[in-house]
Amino acid sequence: MKSYRKELWFNTNSRRDFINITSEIIKCLKESEIKEGILLCNAMHITSNMFINDAEQGLLNDFERFLEKVAPEKPYDQYEHNGFEDNADAHIKRTIMGREVVVAITDGNLDFGPWEQIFYGEFDGKRRKRVLVKIIGE
Amino acid sequence: MKSYRKELWFNTNSRRDFINITSEIIKCLKESEIKEGILLCNAMHITSNMFINDAEQGLLNDFERFLEKVAPEKPYDQYEHNGFEDNADAHIKRTIMGREVVVAITDGNLDFGPWEQIFYGEFDGKRRKRVLVKIIGE
Amino acid sequence: MKSYRKELWFNTNSRRDFINITSEIIKCLKESEIKEGILLCNAMHITSNMFINDAEQGLLNDFERFLEKVAPEKPYDQYEHNGFEDNADAHIKRTIMGREVVVAITDGNLDFGPWEQIFYGEFDGKRRKRVLVKIIGE
């Protein structure tokens, strides 16, 4: 069994952002030289996430609106977690969206359907944060 | 390490549907001859999903109602993604429900608790769509 | 490839509870002697779940309130599943929170960011229920 590990760093300009990192993940996969196996990609912070969906800006805006509807950022005092921090909504939003993605590796490629793209979801940005890429296989 | 890959195809009669595919997944597992490892099953489309829950029709209806409450299909123009398409709600619903399931394989079986069943969740159906089954182990 | 399997049992005093089980998972990992690979931890019941977040009681209370807002326990008759049972809300809550977590194993440790902790989420407790820990690697 071979294994591969890499950290990817992000620093968004706004509190919330969605970033398509599919090409960076593919670069990791090529570097790993693993042809058959499983790729795990997870946020290493608890206010950001990984998810797979369509690279369409209107849809990403719809996700933003949906998340603000069910777990709004403000007023800050609606959350017990807030006080020293103001990011309780970010913890909840990332949980709805999912911490990690697991992707099949077949013939050295991400084994994806026609529209699948891997996104980093940031919900408490403007600082350096990490994503872990781990691949096992052979 | 052994690996196994199979695509399963679905074409639902309605826009939304939940289909219990546990027996088809077990068939894949037997075919793979893998006894110890991990099974990944994911939708290959971004408006459908995989999830594990109870095979009880009342509960499946409750999921449908819950999803329509938090991310309703209509009016279509509440979503920026809609226009050429009308399925923004389907992208959101599948994200709430989760894209993939990862299941332990022990002694050649799905290592499940008493009520766990694997479901395909369709949120924009009436056309042919795929699910990927990938198993690694030995 | 090595593989390891363990069941962890829980019996909460209240219907809903969040329990930090990170130290128990680390004990499993040490026992497995696996240094590189993947750890899967999933609820074996369909009304409980595993998730990764911050060990902060205020935040856990915020999760409880959020889940009660979007999928309230009562009135019981709002759910078709209820009748003989009263736990439809628990099935929905566990689905929002996610059934399983997948964690990278590197150098014999959980490959975690600074605040990641593994929680068992109970939504229909006061009885003995199980979690599965499965590790593959070498």
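By written order: A, B and C. Residues from 1 in each chain.
The working rule: contacts are C-beta pairs under 8 Å (C-beta built on N, C-alpha and C of every residue); 3 or more make two chains touch, one makes a residue touch a chain.
Source: prediction; values computed, not measured.
Comparing the contact residues of chain A and chain C by number shows a mostly separate set, under half of all numbers used being common to the two copies.
A turn of 120° superposes the CA atoms of chain B on those of chain C, with the angle given to the nearest 5.
Distance between chain A and chain C, defined via averaged C-alpha coordinates, is recorded as 20 Å. In chain B, the residues that touch at least two other chains are 1, 38, 70, 96, 98, 102, 136. If you check the complex, the residues on chain A that touch chain C are 1, 3, 5, 38, 40, 42-46, 70-71, 79-83, 88, 91-92, 95-96, 98-100, 102, 130, 132, 134, 136. If you check the complex, the residues on chain B that touch chain C are 1, 36-38, 51-54, 56, 58-59, 61-63, 66, 70, 96-98, 101-104, 106, 111-116, 136-138.
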